[in-house]
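Given below, in the form of structure tokens, are the structures.
The following pair of complexes shares a single chain, chain A, combined with chain B in the former and chain C in the latter.
Moving on, here comes the complex of A and B:
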């Protein structure tokens, strides 16, 4: 088990190194000169050269990469071209908002997907099942910004129950925190939940049809016990996979929803840094997203071994 | 004669399928006495498995319609409320299924799967149920039963898994054990061990056994009585000796003729087969179900009228008065009977 953990962590480190090369290369291949953008329209060559030298952009790319990667290992992701703040600090500022929204959305998604997927698998081709299918098709195909705007119009505009957007930390104003969290969490939760519902339905259906469920029924177990321990327990594996993917996606910042609800998360930060050619921030954000994916995948793999003894080695 | 343990009367199962309604079991009747082994024999698709799954309500309720009667110790399984039927599953009737690779839950330990079965029917604390589970595993011949409790199914061989399945089926001392192709997926030596095990357990506990198989070798080894199914009907039944030694139905004769004979050298070296395939249950022939494949077809009624299951006439002796009678559903037997005389058994072996 420890060996497996070490091996998987090692693999993740290699992937992360590869990702950092790609991220660095891509960001620097994007057309546009960050120094020019930072200086505005009127500047002289001396100022330009000075800024270029200060940000290290006059050095060869390979040297720039190793400098950046080396510092990144120590947690120093450089300094924002735009604001001059350390990138690590900028990311840490945005992190709570993103993490809050991600987990709230995931909660909404699972609260929708698990019951809905299970019920529609238990009653296939009935009204409930068809309603669930329509719902998840709706959730998958309707654009999230549109759903966001409609919610704002209804609940913030017409009804006036909720603020249109923004974010306050939980510690400062718990009620305000919750009020502002509901709508973005529902929008992203419905989208993720729709995807997960389909997975839950098919994996529960598959589990229901398996021979060992018939054995469990033939043993005379109560229906509820058959469902929990022989159907849902076995349908858990695909659910964990898709939930992991959804969580990683949510943690990487849901850009459009963050913008619609003025939610100060990592998605917004990444978008702003693209617009400003703020290389260090963009690199830092993408590296973090990659790290999130790797860590979550590692956790999912570890969960697998806990759920399914056949995978243990 | 005392009342039989299980009495199935005119069991019919209709399944809704994408290709239309399927008449999978058509008026099946049989009895199983206490401690008796009845083998149900037939090809794939003859309705063997469905007929027993129907007894315990294990068919999908939405697509299956089950009619008839199935009395277990006088209680009709087909009309019982769900909760009462659940209590009979496992406790009154134990089941062993074909594929031990998939019939156990791969993510739960063997011990857990035994314990939950025990505790579903008896109010015993978990440690006591575990003790009982270990005892059962020992009884079915698992080495080191205590440790086996904490094993997962994939850590056991196929034969060991089937022993676990048998332990589960027997955990509540059912009066009836249904084995649905329980040795089909196992290799021959393991198969023999499992058969021996079931016979021993049956002797010790007086359990009635319904053994579903397409393997006539297995039948010869264990069955007191044999019921041959074709197209969802019983086409022949009787004692194992009667059916295997003096088969009356052309289909049974065909099945027996298709057995490879190791002792005798066949001249042509080819295995005899029953030509054709069983009729699809969505489209059964009007007359005798076996008619389209029948090598005899001597009677004009074959094509139009379903032959009833009637006692086999034995040359010179008239109806056989023994219990249970040897019966077959065929038109050809009657006409042939006078001429057949004591050569009935020989007639079964097609040249």
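Moving on, here comes the complex of A and C:
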């Protein structure tokens, strides 16, 4: 078990190193000059040269990379071109909002997906199943910005029950926190939930059709016991995988939903830094996203071994 | 968005203090709508977060929306006609030869940290911009020295006559006065010490909060504070205004402007801005270097239709750059939207149709995308197929700088002086002359205009230059958009301005 853990961690570290090279190269290869962007359109050449030197962009790319990578190892991700703030600070400032929304959305998604997927698998081709299919089709195909605006117009506009958006920390104003969290969590939760519902349905169906379930039924085990012990437990494996992927995706920031609901998360930060070609922030954010994916995948793999002892070696 | 990010198209997101009108207001103390920061705090919904708060470094409009209320300049544009009037400088004199300007500073002004404002702060602020080559260093191009002559006097010596010096140092808060040594003692990207009506309380990823400065030189500020809340999505900003979460916004969905005019819950205001939007063609790429081809395009375009589509009517079609309300407006409109005449011009130019034109636009300014689609449909009948190329702004700017375009659409924002409208865009090898226009007569006029001190003579010179520029179609001018803002009914003491400066010093909540 320890060997497995060490091996997986080592692999993750190698992947992360590779990602950092690719990220750095990609970010710098994208057309667009951050200095020009920062200066707007009216400036003179001396101003341009001065800013170029201050931001270190006049140095050779290889030198820039090793400088950045070296500092990143010590936890220093550099300073934003745009704001002059340390990148770690900018990311930390937005992390609580992103984590809050990610877990709330996942909760909504699972609350929708697990019952709906299971029920529709147990009653295939019934009204419930059709309804579940329609729902997941709806969630996948309806653009999230549209759903967001409709919710705002109805619940903040017409009904006036909820604020239009924004974020307050839980510690400052718990009720305000919850009120502002509901709409964005529902929108991302419905989208994620639609994806997960399909997985739950198909994996429950698959487990239902497997040999050991037939055997269990043949042994005369009560249906409830067959379902909880033999069907759901086996169906859990794909669910954990897809939930992990969804969580990683949500933790990388949900750009559109964050913008519609003025939610100050990492997605907004990443978008702003792409638009401003703010290389240090962009690199820091992508590196963090890569790290999140790796860690979650690692956790998912470890969870596998807990759920399915056959994987443990 | 970008809105969001309406991020800095130009440095001149020109903002200004509405002249010392503070002090007369009555504090009603009744507080605003629900959801506001405090009892008597105005909550304003703006489209984006300031990128940073150093007035000498930032070029982003969202930053200047905040900084307008925190810092002051020596002179400011007047709210009515944008002529320059006293602010931190009480008066000024120009020497006989126009090369020495002497500013007398206001007494009894203090910074938010309590320190006295004097001439050393002015000298320090301006020299910081010059010595560190900051964004607005170009504004001091003709300045040779800036010196203090006693605590209340600043003398600026120029290398050549600069009739628009006041505009250069006062057009917007990029030319703010900061306390001597502030750049070393403070982190100006997140801290602010100005002389303006509000002081910075906090700024994070959700909002920037200002509180009234009790010792403001302009008199009592009527609200306790202002919270700038970032709401990028216009529909959400408008809903927040309608349900009382915010009391003011400039993030109004353009397509809703007409519907809002009869609305009770929202007061809508619009005024023509000093911005202009235009189409520019690359002289180095045939056939766009051909004057007749450019004139054919200028003739084929129906500017009214473009303005209607791009701004849902909140814009005025114009064939020159300077808007109607300006002293420097020149009523010159030689082109009639006429496809037949345009076709004849193309035939006369001897070019083979159909032609294909790549027209570069950017999502950063969605109106360019809409305008391009309309222009494409207007050029199709005369045999020009427009291929609309939508780029993100960073790529767009690079392609513009590299001359990698047939044509593009963009605007110039926050212009006050005619030199800002015409000079660098049309003078041979001008820093913004990306199209490659060169006309010796225009060069002569623009140089003359930049140094002429008599206003009427100056206007005549720019009229002549504008006429040549329009005739040559160096730019095909399209329209001047309106500034559109909305607030809660009963809000008083706020004035919408053509330069989009947003000043809340004398605002009163209902």
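One rule holds in what follows: the second predicted complex is superposed on the first by the 303 of 313 C-alpha atoms of A that agree within 3 Å, B and C clash if a C-alpha of one lies under 4 Å from a C-alpha of the other, contacts with A are read in each partner's own complex, and residues count from 1 in each chain.
By definition in this document, a contact is a pair of C-beta atoms (placed from the backbone, for glycine too) under 8 Å apart; a residue touches a chain by one contact, two chains touch by 3 or more.
These numbers were taken from a predicted model, which means no experiment stands behind them.
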State whether chain B and chain C clash or fit side by side on chain A once the two structures are superposed. fit
Please name the chain, chain B or chain C, that touches the greater number of residues in chain A. C
Given the touch rule stated above, what does A:75 touch, chain B (first), chain C (second), both, or neither? neither
Chain B versus chain C as contact partner of A:165, first or second or both or neither: second
Regarding the shared-chain residue A:33, is it in contact with chain B (first), chain C (second), both, or neither? second
Using the superposition on chain A described above, determine whether A:3 touches chain B (first), chain C (second), both, or neither. neither
Chain B to chain C: minimum CA distance in the overlay, Å? 47
Quick one: in the complex, what on chain A touches chain B? 210-212, 214-223, 225, 229-230, 233-234, 307-310
Show me the residue ranges of chain A that touch chain C in the complex, using the header's touch definition. 30-34, 36-44, 46-47, 49-51, 82-85, 93-94, 97, 145, 148-149, 152-153, 156-157, 160, 163-168, 259-262, 264, 268-269, 272, 274-277
Interface with chain A, chain B side, in the complex: residues 56, 58, 86-91, 94-95, 97, 99, 102-108, 116-117, 120-121, 152, 154, 165, 168-169, 172
Contacts from chain C onto chain A in the complex sit at residues 1-2, 4-5, 7-12, 35, 49, 51-52, 54, 57, 59, 132-135, 137-138, 141, 187, 189-190, 204-207, 229-233, 235-237, 239-240, 242-243, 245, 364, 392-395, 397-399, 401, 412, 424, 431-432
